[in-house]
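Inspection log for the structure reproduced underneath, given as structure tokens.
Chains: A, B and C, in written order; residue numbering restarts at 1 for each.
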Amino acid sequence: MLKITKFIVQDLFRNWIILLYMIFLMAASFGFFMLEGQADKALLGLLNLSLLVVPMMTIIFSTMYYYNMYEFIVLMLAQPLKRKTILSSIFLGLCIAFGLALIVGLGIPMLVMNYSIASLMLLGVDLLLTFIFIAIALVAGIWTRDKAKGMGVSLLFWVYFVLIFDGLILLLMYNFSDYPIEKIILYITLLNPIDIGRILVLMQTQAAALMGYSGAVFNQFFTQGWGIALAFLALLFWTALPVFISFRLFHKKDL
Amino acid sequence: MIHIRELNKKFGKHHVLQNINLQFELGQGVALIGPNGSGKTTLIKALLGMVIPDKGEMLFNGSSIKNQSLYRQNIGYMPQISRFPDNMKVGQLFNMIRDVREDIKADVYDWELYDSFEIEQMKTKRLNILSGGMKQKVSAALAFLFNPKVLVLDEPTAGLDPVSNEILKEKLRKSITNGKLVLITSHILNDLDEITTHVAYLMDGKTQFFKSLEQLKMETSEDRLNKIIAHILNGEEAVHA
Amino acid sequence: MLYKLLIGFIFFACSAEVLSAKTWHVKPKSDLSEIKKAVEMAADYDTVYIHNGTYFEDLITIEKPLTIIGVGKPVIDSNGGDEILIVASDNVNISGLTLQNVGVSFLKDRAAIRLVEVRNVVIKDNILKNTFFGIYLQKSSHCKVISNTIIGDAENEINAGNAIHIWKANNIEVIDNMVSYHRDGIYFEFVDQSLIRGNSSKYNMRYGLHFMFSNYDIYKNNIFQHNGSGVAVMFSKQIKMIENQFKDNWGGASYGILLKEISDGLMEGNIFERNTIGVLAEGANRIRISNNNFINNGKAINIKGNCLNNEILSNNFIGNTFEVLTNSKSNLNHFEGNYWGQYKGYDLDKDGIGDVPHRPVNLFALVTDKIPAANMLLHSFLVNSMEMAERMFPQMIPEHLIDKKPQIKPISHDSYQRTQ
């Protein structure tokens, strides 16, 4: 398995899109910290950007990559290799490549310019989001045979997590604004990894105070040890779920 | 060597394989023939574990291949259309596959096709710029490289030039005499004449017949494979009519 | 003749008084080691010097015009007891003392120094430590509280007093004091024509300045920083607030300044920096808010719909998350000539004024005002995109809350400050 993973990582690092992604992240990170005097504001800008770009980039690229690797998968399947091995190699390869791109592009500038808990948290969140959206991309790719359709499904997932989910929550809050729904909303946000990540990081910055009473409820939760642990656990669960689904789908898939 | 029992596969409503029963042994050269969409490729892919059958079982050397991967050590596969990862060079491909196949020691390797197709010369070429025929050559060389007991070739002659075609056929013939099992699908029946010992005919997902070539020759009193098939088909039409 | 005689008599009387003024020296382990005794023995207009040492005394009542001067920072320690100095006479000066450890009482607002219905009293250069209330003025006028340092050790609001507490008074000057760790730094209730200048009020539990029912007052050049809620100015009129700094009031319900039910005031040249809300205005009318700097606040101005005819002119809004928030669709206030950090317009004619007006109200700020729970969507892509759409095609934000002359560059307030 490690041999195939190694091959995939090498293959990915020859890919100019990943390099471009890394350079873009790096430019953006340095840019934010240099243009924005306040470290906290820069971090928030970076949070906005990375929560948008990281899931989008990973899911689109990973879906594409899965389809491009289709022949490779078939070739490997003709060898005495387990399906599990082949898929894990692809997943791991993508995780390593994107993870490294993120650590170099986002992590290093952030830790150089502003070494803080919030920075570490943002890096951790972005890493987990990377893994999650790679896994979702694999689900979309394995699920649909057609490349165009698969891309569509991936983009739909992305739009859902980045936009539609929040819209639905807003609608929910609007309709139940007379009730104390903060606690419920708190648990609903656990259903969206991007929201979990955003709030986790936000709570480490001064922006937390902006959020008023509901902020206080969230603050209590997301700054306590067990709250953070639960949030990260939720993110790990969010990684495990699509990974599990993709392996199930792949196990039964006709190639 | 390979037992296929009551094999069924549906793609949606389309019943691609219906109750297939076949048995192949070492030393046979099996021609798997039939019109387009008759289920040949699906059968081969099922054998390789790429397509998961709905019902029935396949035994390789007496044990079921369901959820297994190790039996593929003994199979060399050449797909219908050879496609490889884009960014790879020919040499890298061979290195990588050899890397993956650490179960086979280097002294067992069969370099014959590799040499006769002159693959060494295109080592530094990227796979995505190779022509279809060149890819087929690479694919064929790979299939034979690990000296497997069973060779599965899906339309192997489709893109090959006549010279290469002859090389491949010669290699196949030799393999059969050496006691290997060769499973070939092809439209071009002329190509199969010299290497076929048995013929399996598939149509609409069903096995029409599976007989040895001698038997067929006797039954139809024809000599050439394409004539035999034509004879049988015409005969059937006559019966149906 | 009679007239001359009268003047002569008055002159004589005065000089006799001055001539007869004595000095008293209180020292530990001397014949006069008790302050209370010295105050008792002293005649009107005498001076009592209190020398270096620690005096455990409380309830020293001064009922005649006296000057009390601490020499070498003497300490008067109430030792958890009652109030220390009670001034019940006009013309008293108290300076140079260190007063400490007044006991907390839930029945009485004990203070280190209490002024009761007096005039012309000066409290200067004293240090007050852990005294529940610090300096407490009631029904007094023309008094000065200058350069005192008042430090409490309040841990919660309930058993904390105010550092400088003034109730029913006029013509008071509170200048250059440092007040911290109390419930309120400076408390004004029914205090007119007074001046608060150059004070520093930090780390108080509730308000840096708590200001109610007080009219015609000026506060200027003060720093209010790290207070629980910030500064509250309520139910007052004709207040001038000039060149103060409101900083670091950062918490769920904090603000730089709360303007509640106040009218006809002026707010000029102040700096609001890093507050959750810079200015929170409820029922504020005819206030002129000009030449202030709003920097890095959560919400620079939250102006409620019941505020009328306020003028917000020539301020700088830099680095705030939200610039203006309101809970009304209509706008009865005037915004003009401010610099808005979030202005996205352009200036083709290069006159320094943006060619398109600026709408400083942010949609998301409005939404969270109505649905507080929506706060959790802060910095989400949904919210960011909604805001962008709303800026282009306003639907929900008040149409008339608009700055028609947004500045392209931050306004330099130096010129303004020089004229002050």
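In the analysis below, contacts are C-beta pairs under 8 Å (C-beta built on N, C-alpha and C of every residue); 3 or more make two chains touch, one makes a residue touch a chain.
Owing to the predicted nature of the structure, the values given are computational and were not obtained by experimental measurement.
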item	value
Chain ID, smallest distance between chain and overall C-alpha centroids	A
Chain pair, most C-beta pairs within the contact cut-off	A-C
Averaged-CA centre spacing for the pair chain B and chain A, given as whole angstrom	43
Geometric centre distance via CA averages, chain C-chain A, whole Å	49
Distance from chain C to chain B - Cα centre to Cα centre, in angstrom	92
Footprint of chain B on chain A - complex, ascending	3-4, 7, 11, 14-15, 68-72, 74-83, 252-255
For the chain B and chain A complex, residues of the former touching the latter	11, 45, 48-52, 69-73, 75, 77, 79, 83-88, 96-97, 99-101, 103
Chain C to chain A touching residues, read off their complex	250-254, 274, 276, 296, 298-299, 319, 321, 367-368, 370-385
In the complex with chain C, residue positions of chain A that touch it	37-38, 41, 44, 47-48, 51-52, 162-163, 166-167, 169-170, 173-174, 177, 181-182, 185-186, 189, 194-195, 198-199, 202, 206-207, 209-216, 218
